[in-house]
Structure formats: C-alpha cells, structure tokens
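Both complexes below contain chain A, partnered by chain B and then by chain C.
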Partner chain A sequence: MERSKGRYAEALKLVRKILTQLKEVWQYSDSQPTEITLAGALAVLFPIATYLEIGYAPIIQLPAIAAGLYQLYCVSGDCINCRVRASFITFCFYAVGAVLYLYKGYYWQGASYWGWILLTFSSFGSLKRIKKEQLHRNNG
Partner chain B sequence: MDNTTQIVITAITLLGSAGIWKYAEARLRVKAELKKEEKSASDTVLYRDDLKKRVEEMDVALKEANKELLALTEKVAKLETENTFLRREIDILKSK
Partner chain C sequence: MSKKGLKRAVEIFKYSDSEPNEVFTGLLHLAILPLALYTEMIKSPWLCLFSMAVGAFQLYAVLYNGSLKLRSNATKLAAVVAVATVLNYYIAGLLTGSRVGWLLVLIFAIWNVVRVDMQKHLS
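Showing the complex of A and B:
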C-alpha cells in the first residue's frame, strides 16, 4: 500500500514537472518557426480552404494573403513591433476563420475542422510570446 | 453565405479578438511590471549595485592617488636637484 502510494506520488511529480517544462517552452521558446508556419498557412492554405469549404469571401480571403505575406516580411526583418502587429492580424484572421466554420456548423461534421481552432490558439500563443519578448526588450 | 453575413461575422469576430487581445496584453504588461519591480528589489541586484558603486568610488580614489603620487614624485625630484646644488655650494664654501 505504502509502495503504491510512493509510486503514485512520484508519477504525479513527474507529470507536474513535464507540464511545467512544457509551459515554459510554450511561453519562452523561439517563435519564428511558428510565425513562419502560421504566415505561410494564412497566405496559402487559408484562402484556398475557405474558398473550397465556405465559398467566395473576398473580404476575408484576399486580405488574408496580404496579411500572411506581411507577417513573413516582418519575421524576416526582425522588427519586434512589426512582428507583434503582424501576429495580431494573423490571430484575427484565424479567429474569423474559426468563427466562420462555427457559423457553418462544420465542427459537428468532422474533427478535422477543429484544426482552425488549433490554429487560432497557436496564433494567439505566438502573439503572446512575441509581446512578452517586446516587453522584455523594452524593460531591459 | 452572403456578403452581409460575412461582413457582420468578420466585424464581430475582429472586435472580439481585439478585446481578448487588449485584456491579455494588459495582463502581460502588469506581470512584466511586477517582475521588473521584484527584480530591482532582490538582494542579488542590490548587492550588485552596491558593488558597482564601490568599484566606481575606488576607481575615483585610485585616480586621485595617482595624481598625488605624481605630484609627490615631482616634488622629490625638485628637492633632490636643490639638494645637489646646495651640497655643491657647501663644498665650494668649505674649500674657500
């Protein structure tokens, strides 16, 4: 009984440690690769997917290409203010996409559509990381 | 989906996203400020600042001491020269 309690406590400790480390990595790791992926997906995947599944929506699809390219430009320039701005725009587009899919009721048709929610969370996480970096740089 | 619906959904989502981000941004700012205050009040930072101050003071003192040393060396050189001349004069006077 005592032995199993000890094992349980150890396992709990390990899980807590892993979760803390994952949280640290999520909050402070380099976000450029994520930004590039999100920007590429926004410029290419987003317009195509929404066109095929939702229909022609020029007020969302055309600016999405520009927003994706703008974020790629910002990441390449390494200007932190530009990156924060571009990441916010990207987050907004993914949020709009996620809400459009919700409006259409696709989330109850297949789990693969939940990827839009994942992308929204990912872009929000990326935005938070860059903002933290900006605050860190400003505070010295 | 018609254009009006698209515009309405986009506008509402944009406003919602902006609101969420404003809230998150404010929280991040407050956290960063707290962290900065904690950092500036910690013992390690105070000790480091004290050390920096002491090093600066010692640097100033060292420069002043160097100046004084230089002035003293100059005086000693002058006195040595005077002394040499005086000895010579004493020798001349003695020989007379």
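Showing the complex of A and C:
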C-alpha cells in the first residue's frame, strides 16, 4: 500500500514537472522560428490546400499569400508592433481555415486535417508571446 | 547593426530556441500521426507504434530530462519517423492538400536535428 502510494506520488511529481516545463517553453522561448514557419505555411500551404480541398475562394486565398509575406517581412525587421499586427492577421486566417475545414466536415475524414487546429493554436501561442514581449518593451 | 531579411532568417534558425518545435514534433508524433495513419493509411501499424514511442521519448527528453545528448538522439529518431511518414504518404499517393503539412513536419524535424546538434557541439 505504502509502495503504491509512493509510486503514485512520484508519477504525479513527474507529470507536474513536465507541465511546468511545458508552460515555461510555451511562455518564454523564442517565437521567431514559429512565426517564420506559420508565415511560410500561410503563404504557400494554406492557399494551395484550401484551393484543392475547399474550392476557389480568392477572397481568402489571395489575402492569405499577402498576409504570409507580410509576416515574413515583419520578422525579418525588428519592429515589435508590426510583428504583433502580422501575428494577429495570421491567427485570424488560420482560425478561418480551421472553421472552414470544420464546416466542410474534413476533421472526420482523417487526422491530417487536424493540423489546421494545431496551426491555429500555434499562431495564437505565438501572438500571445509577442504581445507579452510588446507590453514588456513598452513598459520598460 | 542587426541583420535583416534572409540573413536574419538564417540567424534565427541557427540560434533561436528549438524547444517549442521539439515539443510540437513530439506531440504530433505521439498523438496526431498515429491517428492520421490509422484513419488514412491503416497498413502501417509498425509506423504507428514507432511514432508513438518516438513522440513519447522526445517529450521526455525535452520536458523532463533536458540533457542535450538525449535531446539530440530524440530529434534524430523524430527525423526518421518524419521521413518514413512522408515516404509512406507519397507512395500511397496521399501527399496532397492538407497532408502536405507532413512535409512541413519533416522540415521541422530536420531543423531540430541541426539546431540541437549545433548546440551540443557549442557546449
């Protein structure tokens, strides 16, 4: 009984350590590589995938290319306000994409489509991190 | 003066933290890839099991152990899984539309190998 209690406490400790570390990585690590990846995927993968699977929707696909390129431009510079703006726009596009795939019922066809939900979460995380950085910079 | 444009992109990819991408790849290999293989390509149970094991190992290496040696091994294994995934999807003719995202995961996995190995050599 004592032994199983000890094991349970150890497992709980391990889970707590992993969750704390996960939170730290999520909150404080560099966000630029994620921003570049999200921007690249938005400029290339998003228009092609939505064109092939959802259909021709220039009102989403063409601005998505522009938004992806804008985010790449912002990351390549050093303006935090520009990066926050670009990240917000990217998040909006991924959220719209995720809703479109949900509306078309793709999530029940295969788990590969869940990648859009993951990209939406990733872009939200990236936006949150940069916004925090912006607040820190503005408040000294 | 700080670098701009492409030079800055190269600098970011060389020297920024790779942990978020390692966590991302680990989670994908542990949960999403087995489900994707199960629903879209039922013929690869070994890849399913291997991917889950590698995903769990990568999460353990980056979130619990944290040593560069273990992280380096985990990123290499993750790259092998990512290559196998892309090859399987390509051979099955399924590497289209949203599934091209697996190619993105492969790029992530390769970048993780480069980044962690570079960090290992510097330390």
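Going forward, the second predicted complex is superposed on the first by the 140 of 140 C-alpha atoms of A that agree within 3 Å, B and C clash if a C-alpha of one lies under 4 Å from a C-alpha of the other, contacts with A are read in each partner's own complex, and residues count from 1 in each chain.
To be clear about the criterion, a contact is a pair of C-beta atoms (placed from the backbone, for glycine too) under 8 Å apart; a residue touches a chain by one contact, two chains touch by 3 or more.
These numbers were taken from a predicted model, which means no experiment stands behind them.
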| Side-by-side fit of chain B and chain C on chain A, or clash | fit
| message | According to the stated criteria, A:Leu100 is in contact with first (chain B), second (chain C), both, or neither; which is it? | response | first
| field | Inter-chain angle, chain B to chain C through the CA centre of chain A, in degrees rounded to a multiple of 10 | value | 110
| request: Please work out whether A:Asn139 is in contact with chain B alone, chain C alone, both, or neither, and reply first, second, both or neither. | output: first
| said: Per the contact definition in the header, classify A:Tyr70: touching chain B only (first), chain C only (second), both, or neither. | reply: neither
| task | May I ask you to name which of chain B and chain C touches more residues of chain A? | result | C
| message | If we overlay the two complexes on their shared chain A, which of chain B and chain C does A:Ile59 touch? Say first, second, both or neither. | response | first
| message | Once chain A of both complexes is superposed, is A:Lys128 in touch with chain B (first), chain C (second), both, or neither? | response | first
| field | Lowest inter-chain C-alpha distance for chain C and chain B in the superposed arrangement, angstrom | value | 17
| said: Can you tell me which positions in chain C touch chain A when the two form their complex? | reply: 2, 4-6, 8-9, 12-13, 16-21, 23-24, 28, 32-33, 35-36, 38-40, 59, 62-64, 66, 96-102, 104, 108, 111
| task | Would you mind writing out the residues of chain B in touch with chain A in their complex? | result | 1, 3, 5-7, 9-10, 12-14, 16-18, 20-21, 24-25, 28-29, 32, 36
| Which residues of chain A touch chain B in the complex? | 54-55, 57, 59-60, 88, 91-92, 95-96, 99-100, 103-104, 124, 127-128, 131-132, 135-136, 139
| task | Within their complex, state which residues of chain A touch chain C. | result | 14, 17-18, 21-22, 25-26, 29-34, 36-37, 41, 45, 48-49, 52-53, 75-78, 101, 106, 109-116, 118, 122
